């Protein structure tokens, strides 16, 4: 009936419902017990469990990313990085648990509702994107035909959360950080989408599965569309706000940027969502340009996928270690005058290839 | 957005020390800037009036902790002028060597601060890593990493440790390679140059008039170096160049400091070769004549440091005035800042090499 | 409030009821020992987390700030212990006072301390922060930071070496371990 | 010796020696200026309070003194006077000129030289902050190092150190 992720979750749901039914049977409420075992209820529970699994995976992936970032960055800088627990793997748990018990401070002058909502929107949007990222043919929540479009649509919610969060914090630094996020959004969203359009032109589908199958049959798309990959990388790093494009939280001039007034668990959620977004951006790059989960058979496709993502992220960390931060003016001019033409050339290449019948 | 005042400091990652830069911004463009200092003021000059002459040396170390040797040396130089003490030749050479080592250490700390300002933690860590080597040399010679308390009125506290020459030569050779690495990390990075070039423009005329000194002045194309133009210790017996850049911007100031590090190593190598044998210290008088004044100026890593002492006839000075280079350079910062964006503030103020201990005194 | 009010619960407003029921639950948990048990189980976890994610405030004052920078450098690498310097006081746990405090700075430092979220600690690094140090007779310096904010750990030295600073943080970890900060421990 | 060593003497650049500068100043101002001594790269002089501005204008325009190294105040409690000491450097001649100006202690007022050299601005503010010396014509004579609202002038000799904030 189900396969992959849903098959896995379905088994759990059925078992859970059996336990519940057994409980109601023992207290002689047979009608309710039967109702719990109807396909509709089981389906509903399956959906909930799948969402839960996705969120847990997102959480684990994000902390793996944080760990990877700390260790690789440390090595790049000739030091060891965190050593808490085995290989520093427990550092993130310590950070997270600490964030739980920190005092919740809501400054007096903030717009309380929006201030509290911004991290929720951020983490919600980030976790939502995880639902559309397939890790293999079978391991996905919603392998819908316009997955790519949907991911990009959700992807651009986060800058909005940053903008309102910065504005609501009622601090000059946070406002400037929020404004920069908005500026970055409008100048980088378009090259990002254009670099994706070339892939769609070649493949002829918005579905991740189709894109990966296309690459399995032909070649990894970063070979013909290397320009697109470059544009995508630059724009995605800008979207995810990492050095060198981390202007909304530019530490040197805007203390901690738009998150200056956030502490405790809100700050923890913001950190988490940042890395989830990093994971999503890396996964899209892998899906679009590096063959997704395609790989030799001696490993599961899911593992191939995660390995590729981790390697790509290590490349991002390398970029972070090597470069300094750019300024607002430069980032905007880079976006409009360099990336846009490059993305256009990339589309032209894709159209050329399609027309010439290479693919 | 209308214009608003933005307080950058006292607790701000950009300050590197403790001061407050108030900027008036229109959007992100700076229309007015006003530095506020005094957060570290402890009345240094007044305190020295209650101390014996030798007791002031460790206090002078804590004037600027990035280049402590340079300040305690300046104090000793001035006190020697006041008391008419002629120091042994070997002491002069040792002082020259450690001063240059201190200059490299200070410049590395500046580079580290500039790295964090520009958002590159790598530059910070590489500089701090290399700085440790020079601090190790300091430690071998003086016993302390930063606040060394090494120069004395009438020479140096102790003679060089064994392997002094070998260690310095080795570190110089090693550091030269590493400095090339760091230079490559900065110079060859397009983004680094984009951030630094054309930022914080201050012309040579303006810099002279506003009292900017040291590498910041030489970055504006003015060829003046106290080490060459009013030589002290043995700088006039060595062959070296003054680093001058004509860019007048942050990048020029950065280049001047990098070049100075190479020159410092050049000076150290020559001085090591020429260093004579002999005593390192003479006994100075305990008291200074009443009413007699003396002043001396040196090339601190940050600019021209000047001290002015009045003797009191006993073992305390009557008045000790310190001219700190950054105190004046900060007052010129509005000229560099106005018209730039807020995002450029770290790149501009980072290139100035702030040290607030000497500024506030 | 106590259990004797139970018959009146129907007549309470929602807010009163919430207050009353919270108090009752609290007392019940205390009386039954559940609170103690939960605390015993969770406190080591919380204290472990607090020890290993100790974020100091990125705030350099004077000489010791350079040793603080050196401590986060490659040779000493304070990040091994989970110390990351954050610039916003809202996100930090430790206020590292590394220099003399002047009359002009005192209100700002006090304010920074108050902006930090509980649980928080203060480390006085160097002679100046401990007792005024070389500036003991100055007209403008505060003789020790503990005159106006509570200090947990003192790191002596002028300035302390980076090893000493890291050792001071280990001492702070010991203190946190001993205090066993738990969620319920406030009462 | 190399070319650099020749450059360093300062004379090779065609500048004025300290003796030349002392002579030019005494020629221009027969009264009001006393040259105490000259040394290598240095001239020490004593100038009357009233002729300070004229001397400064002269050395700036004619003798290429373009950099104020420092402006310090000195309080002579017993002698009942105050002093301001200026160290002004000429980059072209490689000479530093020290100017000592005596002021009455009960009314320490002197002309500001900020409009000639912008670098003197904060030095004069500091001297005001510490000694209470009034610099006439200074654009912004306010407290700089001490906190706003300090009522004393802490570097005066009648202020006892050891007083806590």
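We just call them A, B, C and D in the order they show up, numbering each chain from 1.
As a convention for this text, a contact is a pair of C-beta atoms (placed from the backbone, for glycine too) under 8 Å apart; a residue touches a chain by one contact, two chains touch by 3 or more.
In this text the structure is predicted, and so the values were computed from the model without any measurement.
Enquirer: Go through the assembly and pull out the chains touching chain A as well as chain B.
Expert: C
Enquirer: Using C-alpha centroids, which chain lies at the maximum separation from chain A?
Expert: That would be chain D.
Enquirer: Could you see whether C-D or A-C has the larger number of C-beta contact pairs?
Expert: Per the contact counts, A-C leads.
Enquirer: Determine the centre-to-centre distance between chain A and chain D, using the mean Cα coordinates as centres, and give it in whole Å.
Expert: 64
Enquirer: So how far apart, in whole Å, are chain C and chain D when each is placed at the average of its C-alpha atoms?
Expert: 50
Enquirer: How big is the gap, in whole Å, between where the Cα atoms of chain A centre and where those of chain C centre?
Expert: 34
Enquirer: With chain centres taken as the means of their Cα atoms, state the distance from chain B to chain D in Å.
Expert: Distance between chain centres: 23 Å.
Enquirer: Quick one: which residues in chain B touch 2 or more of the other chains?
Expert: 12-13, 38, 41, 43, 46-47, 50, 125, 129, 360
Enquirer: Residues of chain D that touch two or more other chains: which are they?
Expert: 146-147, 154, 159, 161
Enquirer: Among the residues of chain C, which are close enough to touch at least two other chains?
Expert: Residues 73-74, 87, 102, 104, 137-141 of chain C each touch two or more of the other chains.
Enquirer: Give every touching pair of chains, nothing left out.
Expert: Pairs of chains that touch one another: A-B, A-C, B-C, B-D, C-D.
Enquirer: Could you list, by residue number, the parts of chain C that touch chain D in their complex?
Expert: On the chain C side, the touching residues are 102-104, 106, 137-143.
Enquirer: Which residues of chain B touch chain A in the complex?
Expert: 4, 6, 8, 12-14, 28, 115-123, 125-126, 129, 185, 189, 191-192, 194-195, 341-346, 350
Enquirer: Touching residues of chain A toward chain C in the complex: what are they?
Expert: Against chain C, chain A makes touches at 70, 74, 77-85, 90-91, 93-98, 100-105, 251, 255-256, 259-264, 267.
Enquirer: Write out the stretch or stretches of chain A touching chain B in their complex.
Expert: 73, 76-79, 172-173, 176, 243-244, 246-247, 250-255, 321-330
Enquirer: Under the definition above, what is the set of chain B residues touching chain D in their complex?
Expert: Touching chain D: residues 37-38, 41, 43, 45-47, 49-50, 208-213, 222, 224, 228-231, 236, 239-241, 293, 295, 297, 304, 306, 308, 310, 318-319, 321, 323, 327-328, 330-332, 360-361 of chain B.
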